[in-house]
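This is the structure I have questions about; it appears just below.
Note that the chains are named A, B, C and D in the order they appear, and that numbering of residues resets to 1 at the start of each chain.
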Amino acid sequence: MIFLKRQLPLAITFVMGIAFTFQYYIPHPVSEDAITNVSKWMQIISGFALFLGLASLFHVHAVKITRQVPGWGFSLALYVAMIGTIVIGFWSHGETKVDGGQTAFGWLYDYTMVPLQGTMFSILAFFIASAAYRAFRARSREASVLLVAAVVVMMGRVPLGQFLLPWTWDVTQWLLNVLNSAVRRAILIGVSMGAVALSLKIILGIERSYLGGGRDQ
Amino acid sequence: MPEAMLPTEVVLGAWVAAGLTLFIYSFLYKDNPLFKLGEHLYVGISVGYSVVLAWHTVFLRLLWEPLQKAVGEAPASPDSYVLLIPATLGVFMLTRFIPQISWLSRIAFAFVVGFGSGVAIPRTISSYILKQIEDTVNPLLTMGAGGLTMGFDLAAPQSGVNTIILLVGVVSVLFYFFFSVEHTGAGMVTARTGIYFLMIAFGAAFGYTVMSRMSLLIGRFRDLITFAGAAYGYATLVLLAVTVLSLVGWELATRRKTGGASPE
Amino acid sequence: MKDFARRMVGIDRRIIFLLITAAILLPMLKPFGLPIKVSPEVKAVYDYIEAMPERSVFLLSFDFDPSSKPELEPQAVALLRHAFRKNLRVIGMTHWLTGTGLADGVFSAVAAETGKERGKDYAFLGWSPGGGALIISMGQDLYKAFPSDYSKTPTQGMPVLEGVRNLRDVNYMVSLAAGGSGIEMWYVFGKDKYRFEMAGGSTGVIAPGLYPFLRSGQINGLIGGLQGAAEYETLIGQKGMATAGMDAQSAAHFVIIALVLLCNVFYFMLRGEQGRPR
Amino acid sequence: MIPAALLLLLFWGGTAVAAPPLLSPPEGFRVLDTPNDAGKSLSLVWKASPSDSKNRLVQVWAAESPQAAFNKVAEFPSNTRYVKPGDFPWWAQPAGKGDHYVKLSSSQAFPIENGKRYTVKLLMREGGREAWSDVAGGTAAPNYFNTAQINNLVFVLAFTGVLLGSIAAARRNPHVPLRRIAGLDAVEEAIGRSTEMGRPILYLTGAGDMSEVPTIAATVILGEVAKKVAHYDTTLKVPHRDPIVMAVCQEIVKEAYVEAGRPDAYKDESNFFITGDQFSYTAAVDGIMLREKPAANFFMGSYFAESLLLTETGASTGAIQIAGTDSDHQLPFFVTTCDYTLIGEELYAASAYLSREPVLVGTLRGQDFGKAFIMGVLVLGTALATVGVVADVDGVNYVLDLFKDFK
């Protein structure tokens, strides 16, 4: 049992990791077929993984409803919305359109999900404004540099700024293409090295926290 | 202005969309039941939508139909059943929440993470390291018709002067993230340069993000303005009044209950 | 004076919210229409499509969901209008499950407007899980990755996909991305190996992070945010949602800039009194 | 000049009636299996000639077997299709620099199969004149290794070696010098202040799951914060959005309390799950901030759009805020709204610095070696490339090619 629970997963990770690292360097059709098939399998497995997130959501709200904790009514609303959507979805065979006409599922998508999701994010527009007002101070030289760059880009990226101060357009282009590129590139190189190090540690079994539980397991 | 007759479901949709939008915006006043309702509906509907689409795409299109076809064509061949391997691993993944057999999920994770790590290593080095080095290492001078020249044109991203700035930026920021030496002396100068580069990039990102968020707001307002039209029965305006009145009512009710202090 | 500054710094943020509302709403109701400048990175995408011969294969991946619709939908519409006008064969798909319906809607609408036929002039493949694995899968065999399209028609034998076996047969690809599983992923798992030319369209949030790839030629062009969409609309000479939104965008930016300046004025007024704040 | 040309034309024209004049045929024509590929493709190579021009066309004629008839499979101007610098590294060049190079892939018109010998010849045409090259043959085969990418593999192996070496070194001595990280000094200050004010400490581990570096770093730092919290006897609150991260954090916090000698003070409830949904979670955490007014807020791990909603609310309650994230798109907001921010890799470094765990310290050192190496390559590479231009020498490419990405 210990082997199945502990060594086997590590062995699988090791074999898969080594095999598909080297796959990259091997142009032979055998290697190409391997990645064709396995990437298709991964598509299917990651489809199942989607349900993993759903399971915990189901659980959390079910607990809220059965224990009737404050605000359980909202959890109930969530359940009703979810089950309603699923029922309508299957009833429409998962299609949003049939012969150019909208199905009930499509209607639900267009008039509830699209506005809800869009609105959630657009709230941030207000918060960014209040943050700009309250927190965006020239506290230090670094903060001042940040502030000036932000204001220039805000000017340069809209027609009114380009019209009033045409130079902001050119400066914005330069900031983005040269200074910003340099920083992003350095961050990219550093972070990629971190990612490669993590992948190597995972393959070699040094890093196991992705398997869950304590770090010694 | 002639009034176009809109189909009932479109008008109904407009009322629902406008109502939900305003419920969410009521959060700007403070956290309140209308917002909570909108938010929970949002989670519920998007989860429901994902379930339906995942079922049709993953189970039917990628798994069930190909399996059915393969087995129908060659029921005796073991190759026809090969898709059962990923299906089993997928089911293993779902055992995570059943403590007695949750270890099965480790096998599935090992498979996915192992593949992901292996595939990522050479590609990361190729695209994010070698390719980035390649584009940073450029000659500072160019051989033109009139002999050696150095480009001082800031507007041309590939000019010599920009190559130097890029090089200084990349190296100084990399140095800032170098932890094995203390930032003193020349190291301090380099690290400080790195910080200034970082701050400029963050500033640019801030400006760009402001633009992004405002665009989202514009998009939502565009819908609200459309739905405020006569063709939609002035949905936005009516619902705005309803939302405001509900908030006032809620505020009064909670004040009475808690004796003055409003809840958060 | 300092009292005033202190009061202003502690101002109820809901007043700022109202200011922003006004800044967006007023120009939308009464636009002033300023000209739009076109940046080289957007022009590059336009030029590439412009130079493609008829019936070339153009892959457009909608890697976003409704939360980024206002920024990326105008880009998608402008690109599709251009591609259909050039009689390209367009293949659409998405990596973001909840964006599927949105992408399908955009395709249908623009196709109807330009009189293009599903299955013959364009195909919408829909969503499939896997991210990077999906791209590899498409690079090897498109028909295995997508056995059928979004409306459940088998992909094998579709006239629009004639001669297309995998990603190697794609002439140009644009990923419209709102986050991680977008442009970079398409490059790393797709273009890097299957050698098609590609560009990106992105939300403003992630655009600055894509400039290193633009410089190194890993993407040949970049359409950034609503401004990028407005630039593309200007290039194809068909004003749309993005151009209409740019006035509101200008006004909102100027309100924010004013707020930042005010914030600093009050900050410097109060600074003497509190000593040197952190 | 003109009469001479006329004369020449007349002379040649006269004989042309009998037999077409000879163009110089392509020299050094060879057919080889395309290197570094999956097979079903042949490569054609021949020497460039000074008389190549856009008017002189090259046709490729191929036959399925030495006996079969030749068919035309391609045509292009003779001043195209060269081995260009940057296409191939010097160690995997199919032909000399400046030679012509054409890759012939299997197509419906001319299918190429592995293991079968094909014969190919070239026809040069200009005006009415023609010239055939020698006939050459080749066999396509799939390859087992892409030699053009050998530098990539060397990088992987070298980095693996450095990483394992530095982890081993850190196991022997985890107290290798690491630079001071400014934000970390504030951690103690923040915890102290919370204790004085009798208010809780709020710690967030971000949006990621346990397979992401920033989340791992966040849980490690949580362990160190929890030790100090246990020592000062302050309240710690850690709201979660991933059940697995929560389970890991519970163990880590418990361990920290035991280590600090206060197992009695440990409460399982200090880690609690809210929801996986971004905005529900954010609204709930904002609620906690407003109700309980924590004196210190920690934001570690990876964040998305919710960052500003969290830090803005936190700032309005007057808490000391310390952030650490590698989500570069959110860093501007953390930098402007928090008192201290660990930027990017500083987060990873902080977890190593505080915990001194050999694997973390070793990884950090290994990455530092990598970075030092890359910095060196960038500076020296630029110098070399410039020298190459100034002195007009190609030799520098023997070095520069090592750090390029080839396919």
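Methods note: a residue touches a chain if its C-beta (ideal position, glycine included) is under 8 Å from a C-beta of that chain, and two chains touch if they have at least 3 such contacts.
Not measured: the values here are computed from a predicted model.
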| item | value |
| --- | --- |
| Farthest chain (mean CA position) relative to chain C | D |
| Leader among chain pairs (count of C-beta contacts) | A-B |
| Centre distance in Å when chain C and chain D are each reduced to the mean of their C-alpha atoms | 23 |
| Gap in Å, rounded to a whole number, between the CA centres of chain B and chain A | 5 |
| Between chain C and chain A, distance of the C-alpha-averaged centres to the nearest whole Å | 16 |
| Where chain A and chain D are represented by their mean Cα positions, the distance between them in whole Å | 19 |
| Shared interface positions of chain D, touching two or more other chains | 149, 152-153, 156, 211, 244, 275, 277, 279, 305, 328-329, 332-333, 335-336, 344-345, 371, 374 |
| Where chain B touches two or more other chains at once, by residue number | 27-28, 36, 39-40, 42-43, 46, 49-50, 53-54, 57-58, 62, 96, 113, 115-116, 119, 121-129, 131-134, 136, 157, 167, 170-171, 174, 177, 198-199, 201-206, 208-211, 213-214, 216-217, 219-220 |
| Chain A, residues touching no fewer than two other chains | 21, 24-25, 32, 35, 38, 40, 42-44, 46-47, 49-50, 56-57, 109-110, 113-115, 117-118, 120-126, 128, 130, 132, 134-136, 143, 146-147, 150-151, 154, 157-158, 173, 176-177, 180-181, 184-185, 187-191, 193, 195-196, 198, 200, 210, 212 |
| Residues of chain B defined as touching chain A within the complex | 9, 12-14, 16-18, 20-21, 24-25, 27-28, 36-59, 62-63, 82-83, 85-87, 89-91, 93-94, 96-97, 103, 106-125, 128-129, 132-133, 136, 154-155, 157, 162, 165-174, 177, 194-211, 213-214, 216-217, 219-220, 223 |
| Residues of chain D that touch chain C when the two form their complex | 304-305, 328-329, 339, 407 |
| Chain C contact footprint on chain B (complex, rising order) | 28-29, 46, 49-50, 53-54, 57-58, 61-62, 65-66, 115-116, 119, 123-124, 126-128, 131-132, 134-135, 157, 201, 204-205, 208-222, 225 |
| Chain A-touching residues of chain D, taken from the complex the two chains share | 36-39, 142-146, 149-150, 152-153, 156, 159-160, 163-164, 167, 209-211, 213, 216, 219, 243-244, 247-248, 251, 273, 275-277, 279, 305, 308-309, 311-312, 315-316, 326, 328, 332-333, 335-337, 344-345, 348, 359, 363, 366-367, 370-371, 374 |
| Footprint of chain B on chain A - complex, ascending | 4-5, 8-10, 12-21, 23-25, 35, 37-38, 40-52, 54-57, 59, 71, 74-75, 77-86, 89-90, 93-94, 102, 105, 107-126, 128, 132, 142-143, 145-154, 157-158, 170, 172-193, 195-196, 198-200, 202-203, 210-212 |
